[in-house]
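What follows is a set of structures for review.
Below are two complexes that have chain A in common, paired first with chain B and then with chain C.
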Partner chain A sequence: MITQKHISWAIGLAVLLVLPLIIKQIFPGTDRYYLHLVIQILIWAFIYTGWSMMGRFGLTSLGHGAFTGIGAYVTVMLWNFAGITPWIGIPVAMLVATIAGVLVGYPCFRMRITGHYFALLTLAFTEFVRLCIVGLRDWTGGSLGTQPARYGDGLSLYAMQFEPNRVLAYYIVLAIWLVGLIIWVKVDRSMDRYALDAASQDEDAAASVGINVTREKLKITALSSAMCAFGGAIYGQYQMYIGPDTIAGLGVSLNIVFAVIAGGIWSLFGPTFGAVFTQVLAETLRVGLRGSETLSKLLGQSALALDTFIYGLLLVLFIIYMPKGVVGTLAERWKRKARP
Partner chain B sequence: MFGFFSSLDCSLDVFFVEALLNGVLLAGLLALLALGLNLIFGVIDVVWICYAELVMVGMYAIFYFVQVLGLPLPLAFLMGIGLVACAGTILHYLVIRPVLDQPPINQLLVTGGVLFLLQAAATMAFGIEFRNLGIRLGSVNFGDMSFAWSRIITFAVALGAMILLWQFLTRTYIGTAIRAISQDRQIMPLMGVDQKKIYLATSAIGGGLAGLAACLMVLQYDIYPQIGLQFGPLVFMICVLGGLGNMVGGFVAAFIIAQFITIGGSCVATEWGYAIAFLFFMLVIFVRPQGLFGAKS
Partner chain C sequence: MAMLKVDGLTKQFGGFTAVSNVSFDVAEGEILGLIGPNGSGKSTTFNCIAGMYTPTAGSVKFEGGEIGGLKANQVCHKGIARTFQIPRPFRNLSLLENVALSAHFGSNAHLSRAQCWAKAEESLAMVGLPTDATTSTDGLGAASLKKLELARALATGPRLLLADESLNGLDHGEMDQAADMLERIRKEKGITIVWVEHIMGVLMRVVDRVVVLDHGEKIFDGKPADAQTDKRVVEVYLGETEH
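Up next is the complex of A and B:
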């Protein structure tokens, strides 16, 4: 039976499919820029969705900046120094990230490290990976970052490079984002979800009814770290530049966590909304400040930090007044209204 | 690449001893930083992710007082400590208090928002350039080894501050109340201790310690908006390694971590010193999740 839900899904998907045409109509001339913005939102939305898999079950990891970093760097290093195509490089990178995730996760879950300790331990892991990237500067370019070697004119199936063709890049990341949402729904409907929900409420009680808590947590960690590594790799392939500050490290971890919290950690579109919100906020402020002479004169070059300032302020307000995030809070209100 | 393996020949020579002693000096500063964070966690049960950013605010404040307002250094130091102590109180009042009954992880994340806020505010006010007070205190030589005076002073002051805090916690009424609250949060209000007041006092002391650390750090380090990200993770690691909330444990852990950093740094390269320290930390926590000196819960 076709319900209202199905129709709204179909309309949404149709709009997304013709979005490049719409953008071309509304912003002729600057459509490449707007497409770039949408592509960035979709890549980050996928990464955020990957994080929220763990985050929603109380596993607040600050280690996902390490997984995106591993994804991007392993792929690019294999391509630049061994000539291995990203078609093999990305699965290898995901495998490395999964192994790293399990290696950090297993002792944590066995020893029941949760809450503050889990967050701070994964934070240490992020720093460890970032320092390794910086330390191996002969390969990775250190803190300056590096670029994947361009293959031909930069448009190649073999090298998985698609940056010059923005429309193609859009459809690729759109597909990736959709797969991310499907994985989210699959997890949401699985038995594991109930097991993890139970474990996040009370680990002893969950174990007593026969849930293998460690194994369930490891499964979700493996999935989440592989997704983030994949997202990081795609980010590198699209951006054609990777640096420890943009794709690995504590800053990235914190951005992931906060965007998801702002969007809503328990809703399907929460992480996506977080990505839209943070990217659009940063871009509007950047463009707005460059456009307005009085403001840029007033703030000078430091205007660059205004978006982070507002972002930080909003995060504090969100956590205090809207701990369920924008999407979660709106959904709750809507439900309350629907019920008489 | 991997060229550093050839330089891995740290025998017990002068450089090794120099690195060892410099590690001890660095440990003083790290222990002071960890102390403030541990005090706050022990009493309020909240981790201030933005703790190192408070130190950064203090450093910029001192820089501003000295370079722009032209105040004498000691006065600038005192005002810096006072300012960060106020900042700690305000942080508790405006940000921590509203989330005290939310899940612990939200309390940790809300201070993360403050981290972004303070970093951006510093960038907007002072730009991204590296700043310093231009104070050169020189160094003292023992044979072939040389130690910067600024480090020695830092060590001595940090040690003095820790002894003072200990005296305060054990000898005064409010100090006793602080220790009591950190042992049992539920019972203390029944004994006539105003929990809210104690929390504010603790936040002020924690902030004051961050301010003191700022005074010591402007003597040694350049000031830039991201300096918190350099020290913050290190301080969390020390606190967790020593057992969150355990002040003596944090003190010992600071010495262990500082040795990894300075000896690793002088044998290989600075990043690898840090990387090994983080790896060591993770391995220890896997075996002893409560930290080296934490009590088993």
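Up next is the complex of A and C:
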């Protein structure tokens, strides 16, 4: 049966499929820039969705900046120094991230480290990975970052490089984003989701009805870290540049957490909305602050750090006033209206 | 042969001995009352059987196999379900989801999704709770939450049910109902029951046998009628008798 939901999905998908054309019509000349913005939003939306897999069950990890970093760096290092195609490199990177996630997760879950302590432990892990990247500067380029070696004209199936063709890049990341949503829905409808909801509420009670809490948490950690590693790798392939600040490290972790909380940690489109929100905000602030002479004079270079400051402020406000995020809160209002 | 055999069970927390060398059996089909005043060690004994604590010494055998030291989820899979003294519902799930969850994860039968939901409805109906999918746990009173604990335990398909102080916080009518419920569970499902309580009242009517603990030691094991006249049991419950 075709419901209203199916129709809205079909319309939404149709709009997304012709979006490059729409952008070309609205912003002739600057369409490459706007398409770039959309591509970035979609890549981050996928990564945020990956994080929310854990975040929604109370596993507030600050370690996902490490997973995106592992995804990007392992893929690029294998390509640059061993000539291994990303078709193999990305699965390897995902495997490495999954193993790292399980190694950090297992002792935490076994010893029931949750909440603040879990966040702190994973934070330390992120910092560890960032220091490794910076320390291995002969390969990784240190804090300056590095680039995947360009293959031919930069457009290659073998090297998984597609940056010059923005429209192609758009459809690739659109497909990836959609797969992310499908994974979210699959998890949401699985029995494991109930088990993790139960465990996030009361681990003893969950264990008493036969749930192996440690195993359930490890499963979702593996999925979440693999997704974020994949997102990180795609980010590197598209940007053709990876740096410890842009794709690995604490800044990335915090950005992920902020975006998802703002968007809605329990909603399908929450992470995506978070990506739209943070990317547009960052871009507006960057362009706006650079352009404003008064601000530049007043604050100098530090004006560029204002966006981080505003993030922090907004994060606090969201946690206090809108813990379900924008999407979650709107959905709730909508439901209340529909059910008089 | 005894279904559950607790032998020389001891549990220490640091230097404090909560349970000391306690032994008792539970026969198949029996309702055993495990009673004792606050701090007598009955909850610790209970938790050693249910896999929440690892016994310091002694053994717990279920259907011939050692279960002492297993994790709670493993004990559940052996066929032992438990309730909690203070109900611990999963507040973020609906009533039906609470129970369907334990049907899925608790039983060894690998039920399909539809079977889990059917089993959950059956368990909820058995204890007299609403079976529609939308009821949340929010509006439930103490008596209903106790019933939910039971429904959740039943959905795992146990052969032995450990009921922890089921009647705490209920009025007299509700206590009678709860006692009848346990009797019905045994009769209709053939489930053996260990009922942990600190009040003797209603329990005495339903149980076949009582084990009384005091200061971590077993002081009585026998018929409920005899317990009420046993000198040590009376002392424990009513304080020192005058000589």
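Remarks
We adopt the following convention: the second predicted complex is superposed on the first by the 324 of 340 C-alpha atoms of A that agree within 3 Å, B and C clash if a C-alpha of one lies under 4 Å from a C-alpha of the other, contacts with A are read in each partner's own complex, and residues count from 1 in each chain.
Convention: contacts are C-beta pairs under 8 Å (C-beta built on N, C-alpha and C of every residue); 3 or more make two chains touch, one makes a residue touch a chain.
Just so you know, these numbers come straight off a predicted model, no measurement behind them.
Superposition of the two complexes onto chain A shows chain B and chain C fitting side by side, with no clash.
Contacts of A:Asp153 after superposition: neither chain B nor chain C is touched.
In the superposed model, A:His116 lies in contact with chain B only, and not with chain C. Seen from the CA centre of chain A, chain B and chain C lie at an angle of 80° in the overlaid model, rounded to the nearest 10.
In the superposition on chain A, A:Ile211 makes contact with chain C only, not with chain B. Touching more residues of chain A than its counterpart among chain B and chain C is B. With both structures placed on the common chain, the touch criterion links A:Val134 to chain B but leaves chain C unconnected.
Once chain A of one complex is fitted onto chain A of the other, the partner contacts of A:Ala195 are limited to chain C, with no touch recorded for chain B.
Aligning both complexes on chain A leaves chain B and chain C separated at their closest CA atoms by 11 Å. Overlaid on A, the two complexes show chain B and chain C touching no common residue of chain A. Residues 191, 194-195, 197-198, 200-202, 204-213 of chain A touch chain C in their complex.
Residues of chain A touching chain B in their complex: 58, 60, 104, 107-108, 111-113, 115-117, 119-121, 123-125, 127-128, 131-132, 134-136, 138-139, 250-251, 254, 257-258, 261, 299-309, 311-316, 318-320, 323. On the chain C side of its complex with chain A, the touching residues are 50-52, 71-73, 76-77, 81-82, 84, 88-93, 97-98, 100-102, 104-107, 113, 116, 152-153, 155-156.
Touching chain A in their complex are the following residues of chain B: 1, 3, 47, 95, 98-99, 102-106, 108-110, 112-121, 123-127, 225, 229, 233, 236-237, 239-240, 244, 269, 271-272, 274-275, 278-279, 281-282, 285-286, 289.
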